[in-house]
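Once you've had a glance at the structure underneath, I'll fire off some questions.
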Amino acid sequence: MLHCYFFEPDGKLKVANDPAGVRRAFQDGTLYWVDLENPTESEEEILWEVFNFHQLAVEDCIATHQYPKIDDYGDYLYLIVHAVDYNKKDGVFRTTELDIFLTPQFVVTFHYDLMRSTTQQRHRLTEGAIPPDRRPAFLLHQILDSLIHNYGPAMENFEKRISNIEELIIKKPDPRVLDRIFQFKKEGLNLKRIVGPQREVINRLSRGEFRLIPTELRAYYRDIFDEISRYTEMAESHRDVIMMALDAYLSATSNRLNEVMRVLTVFSTIFMPLTFITGLLGMNFEHIPGAENWWGFYIIIGVSILVGVGMYIYFKFKKWV
Amino acid sequence: MLHCYFFEPDGKLKVANDPAGVRRAFQDGTLYWVDLENPTESEEEILWEVFNFHQLAVEDCIATHQYPKIDDYGDYLYLIVHAVDYNKKDGVFRTTELDIFLTPQFVVTFHYDLMRSTTQQRHRLTEGAIPPDRRPAFLLHQILDSLIHNYGPAMENFEKRISNIEELIIKKPDPRVLDRIFQFKKEGLNLKRIVGPQREVINRLSRGEFRLIPTELRAYYRDIFDEISRYTEMAESHRDVIMMALDAYLSATSNRLNEVMRVLTVFSTIFMPLTFITGLLGMNFEHIPGAENWWGFYIIIGVSILVGVGMYIYFKFKKWV
Amino acid sequence: MLHCYFFEPDGKLKVANDPAGVRRAFQDGTLYWVDLENPTESEEEILWEVFNFHQLAVEDCIATHQYPKIDDYGDYLYLIVHAVDYNKKDGVFRTTELDIFLTPQFVVTFHYDLMRSTTQQRHRLTEGAIPPDRRPAFLLHQILDSLIHNYGPAMENFEKRISNIEELIIKKPDPRVLDRIFQFKKEGLNLKRIVGPQREVINRLSRGEFRLIPTELRAYYRDIFDEISRYTEMAESHRDVIMMALDAYLSATSNRLNEVMRVLTVFSTIFMPLTFITGLLGMNFEHIPGAENWWGFYIIIGVSILVGVGMYIYFKFKKWV
Amino acid sequence: MLHCYFFEPDGKLKVANDPAGVRRAFQDGTLYWVDLENPTESEEEILWEVFNFHQLAVEDCIATHQYPKIDDYGDYLYLIVHAVDYNKKDGVFRTTELDIFLTPQFVVTFHYDLMRSTTQQRHRLTEGAIPPDRRPAFLLHQILDSLIHNYGPAMENFEKRISNIEELIIKKPDPRVLDRIFQFKKEGLNLKRIVGPQREVINRLSRGEFRLIPTELRAYYRDIFDEISRYTEMAESHRDVIMMALDAYLSATSNRLNEVMRVLTVFSTIFMPLTFITGLLGMNFEHIPGAENWWGFYIIIGVSILVGVGMYIYFKFKKWV
Amino acid sequence: MLHCYFFEPDGKLKVANDPAGVRRAFQDGTLYWVDLENPTESEEEILWEVFNFHQLAVEDCIATHQYPKIDDYGDYLYLIVHAVDYNKKDGVFRTTELDIFLTPQFVVTFHYDLMRSTTQQRHRLTEGAIPPDRRPAFLLHQILDSLIHNYGPAMENFEKRISNIEELIIKKPDPRVLDRIFQFKKEGLNLKRIVGPQREVINRLSRGEFRLIPTELRAYYRDIFDEISRYTEMAESHRDVIMMALDAYLSATSNRLNEVMRVLTVFSTIFMPLTFITGLLGMNFEHIPGAENWWGFYIIIGVSILVGVGMYIYFKFKKWV
């Protein structure tokens, strides 16, 4: 799908949905924003046929699995950023790619998946909310702002799931917990791989490196930079928390082993001597002391109880039971 | 609540408690300090209606869970710093946010929680202690100085609690100790996340990056910087100490397991051969050597004692008991 | 083997296969590319006799086991890069060295092993695909581009093998898995040792440090740089994933030990008291309570079942079984 | 105590021990060195009353537990350095603070504890060894040189104690060794916390950052810098060695557990089948094969020996014994 | 021993072996190289009496246990480098110190131990191989080149010994392997401590920081720099490999423990129920079911075999045996 927004000479915002409309608006110099959402091949063609973007940028655009980056092609900037993939239901943290071209006159966005941030902007435009500032750098800020903002709930959800796991470790540490810890570790690794370069992209936009970002808009970009920095920090500390969860799990496992072994040892050390005594008195000998007396059996019972209680007191003293 | 301090033309310090007073003092150019403590919405409005601060700074101000930072808006500086949260009783290390605007004429502080450092300054002002230096950069130093100073007792308390835990590990390592170690680790992580950027804020104030901090006051800011650097170092080394405590706990656990297993093995290796011998002699056979003699039983007793003592000596030699 | 490409005055591409041809093309100034593939000694000689390259560069060329680097000799650049070794069948990730000289007029490539990237370029030239840009810096880009591109499948294969191992750990953790984890760790280490400096070489080529790379070609080099950066990131994260696999393996081992010990303890604590009771009643005594009654045996059976079931419920409650 | 050294007009070195003497020498411009050793309050006063040092520097001076640093107050430098605390007998590595003011005319040293380096300098002066170079920067070098030099024996002692521990781990790893390893770790941490910033202080003195250190003396400061760098390296590698000692201890513990468990298993697997056989033949049955024959007992003995020897050979083969 | 080389006016190389000869050659300006090999005190004196080198450099020269460094004294450079100590037979990686002075006219080398690199140069000179380039910076390069080159075999030997250990871990992991791993770790630590600063020394020589190294020789120094960088990389990766060996050893230990415990558990769980049954039937009761029948014994044998086989199948299913 292709969504093209341009301003008529009287300042009215119009919409076009075909490459021809884009071409016309581009030639009239009224083009404001082209949003290519899972475009067809003929829609993709406008990137090089109409806008004449550099072959390498177009290739990166069409290719998937790119990391966030920003390239300055002189007349325009080419950005790759990643949005959180919010409409999945398996609760796993994923990201999807958004490619953006920023020129002095207009913005081009390119993405294969539905994207909440561009959809939000489109709604705001079509609902007549004429943007107060028609500059493309402002539109770019709006898109990036809502894109980064959408990380918030996902990060909080991630944090909540980790703290659920922590509770589980304390209550009932079983091997399935371990699988989930490793799942988190992988998600965290992936998140770091995306958020790190993305933060760098926003940083370069905010520190006045590019002529296409006017000075008076920099504070706005710095604001997004602060937000993504906060998420980067959170991702960093998630890593520590996950490591801690792993340590906690291993400690819990080791504590259980200790507990199990103590029980085994307490039982063994109480019953092995007693069994030996009964074995001794159970020998097939003719002369066993006390064997003829009626109280022999009770004396052995008494000795057994004494040994058992003595051992128990000893283990109590050793803090084993 | 709103506390506004301004100097009358004759140099007398006056107090106002309503937005109207602030507006008047601002227009007269006599404004010195506005402290917004958990402000109402109408009090918050003076930030943009009277002082005309940038929308982004005001948003950051009202939002919570921001990390320490410093933004230069040309005419004024906007700082976020964190004070230790001192009036909690659960002994956990927390911080609360303080937002500060520094202009060439006055200071604005904004916070939702009671804050010891601003309260101290207000007392000093109202008790007639006219500040020796009426410049806002000096007032900012006073506020930051007492804010950072308050970290001291909290850090020491944290350190004392850790060393209590260490003692406990040596005396009685049980799983609850582990929970407390992980609790410390989380607090330490949180502390690092706050103190690190805060140190950077003070560093930028002290190294003459901002025109609003006069050169002759820089030594004072460097003094706070030294103090917070010391706390950062302490926080760093706390991390190492906590890791060490975890290692110590795991080692203690593993030592106990060893001890338990040695006891089990010593008992088993002594009594298993003996039980076998009694089993052998307890077989339901007609011809068992020595079964008819009265001394048979005592020989077995003797052999058992010999085997037991021999094993014991062997384990003594092996340093198991 | 020696492959020499030069342009005749009429712009036609010609091929020569002997040192004499190279020398002639060099003197005529028509030389475009010399590819030395596992050269004989007399072919190697052209490096210093014809091209007069610096003795140190020639020595590095002939020596093997060099790391990627780039040296600026003023008139020409000397590069060492590594290609993935693709025609091995043991599935292990290896690299082979490619030495390149870039002069303002021509390119010299030198390698002992068959190399896919140079072979590809030779095919494209001999099949009449006259390069659109005859500059050597463009040819260098073409060679490096296909060389780096070939890392892709190898990296993906590596990733797939690691995730196979992960599945295996969950299903059946045995010591052979450990050997394979360590094998991966070594491969990853080796990969990092090669890809790190190689990325640096491409970085220096792309950032305009060398006069021999024209400004308009830099975007193309930056494109390869992005690709190799992606592989470096992948190599980095492989390391984390391998560490995780090792942790998972050790945890699985420790879980099994726990399981084994629980079984042992459950059996021991059930049967040791029971065996003691039978031992007690098996003593060679004349007066044993209940020994004369026909129901004695069945009472003991009943007691045994009671003790066994009681223990089982206790362990169920303790979550051991 | 206060020790003040000044030069009379005829070049003779004189000593004064009271604030009045210091004030006189300061006004005459003949002051060379004031050493304040655990000063009284009236002696401390000369810092601000006579020398007019900045309030912040004086506060840092009087406060304890400061980290090494250097502050440039324009007319003078203020340094905090740490000496090793040599007169303790518990063998623990501690440091004490020394505060130094360097002005173009004289040096002021301030310390609460006895300090070997200042005492040495005082002796050299009073014994008539007129310094060849009366410049304060030279005196400062002398003091720092002997201060840093005193680290040598302490570092070597530390190293020797660590290698003692290593021997102990190999010979007899018991839990007390662990306590000592953790003690070392703490000392090492503390050492790093002091030596790191101290190295930075000396580095800044040696690289010509301060006008008060003449160019021709820099080589001397670089010499101390090399020495403290060596100690920093040693402290760094101590950390690795201590970590290694911990690993070694844990490995030794784990090896012992293995050894213990092998013994237990060997005994159990030999005697459990044998005890079962005797139990079988000890059943209270009327018809037990071989029970009536005189050789029955000896066959069982034989079978037991066979089973025992067979098991032993099996374990030998498995390398368990 | 002292070896002094100088050029007579007619360009002939001459040798002198006493301080007087050095002094003469120095005054004539014909001095080329003085090699002080384990010098006597009177030979050491030429450093300050004849060459007038700075006192600090001379002190560093005579002192031992210095780390590699380079000091610029304006007229001359003072270097400390370390050669591998090749004539030891215990197979441990050690280094010995070589001190070098480079002046615009001549080179002075100073070492206490026999040194392969200086000996090689002396042979080349005395065998009439007049150096093609008489500049001292060229001689310095020759000495450093062969010194660094000698690291190669030692590094390879180190690598081979490590891979021997790895094989041993897989075949027969016993505690002595651990001792050797720790030995390697210490050697690696030591190596890193030497090679790191040495690489920095060569780097500074090669990047044109010192006027005494002519521009046209820099490529040669860069060549040594590449070589030592390769060794640094190797040392770095050795560290990882040693860590891996330790992990492998600990895993092997833990696997063995698991194996041992499984055997114990399998035996216990099979024989404990069986022994209980025989105990039950061995009770000294008058009425035991089946005791009077001749087939009673055989039924118990049958039940035992059934229980044993059943347990075995269960453990087979659980993958324990």
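Some points to look at:
Note that the chains are named A, B, C, D and E in the order they appear, and that numbering of residues resets to 1 at the start of each chain.
Criterion: contacts are C-beta pairs under 8 Å (C-beta built on N, C-alpha and C of every residue); 3 or more make two chains touch, one makes a residue touch a chain.
Bear in mind the structure is a predicted one, so any value in this text is a computation, not a measurement.
The chains touching chain C as well as chain E do not exist; no chain touches both.
Taking the definition of touch as given, a chain qualifies here only if it contacts chain B and chain C alike; those chains are A. Separating the centre of chain A from that of chain E, both taken as means of CA atoms, is a distance of 42 Å.
One simple way to say how far apart two chains are is to compare their mean CA positions; for chain B and chain D this gives 26 Å.
Within chain A, the positions touching two or more other chains are listed as 254, 257, 261, 264, 268, 272, 275, 279, 282-285, 288.
Contact topology of the protein chains: cyclic, one closed ring where each chain has exactly two touching partners. Beginning the circuit at chain A and passing next to chain B, one meets the chains round the ring in the sequence A, B, D, E, C. Within the complex formed with chain E, the residues of chain D that make contact are 170, 219-220, 222-223, 226, 229-230, 233, 237, 240-241, 244, 247-248, 251-252, 254-255, 257-258, 261-262, 264-265, 268-269, 272-273, 275-276, 279-280, 282-289, 319-320. Those residues of chain B lying in contact with chain A across their complex are 54, 56, 59-60, 66-67, 69, 71, 73, 172, 175, 178-179, 182, 185-186, 189, 193, 246, 249-250, 253-254, 256-257, 260-261, 263-264, 267-268, 271-272, 274-275, 278-279, 281-285, 288, 290-294, 296-297, 300-301, 304.
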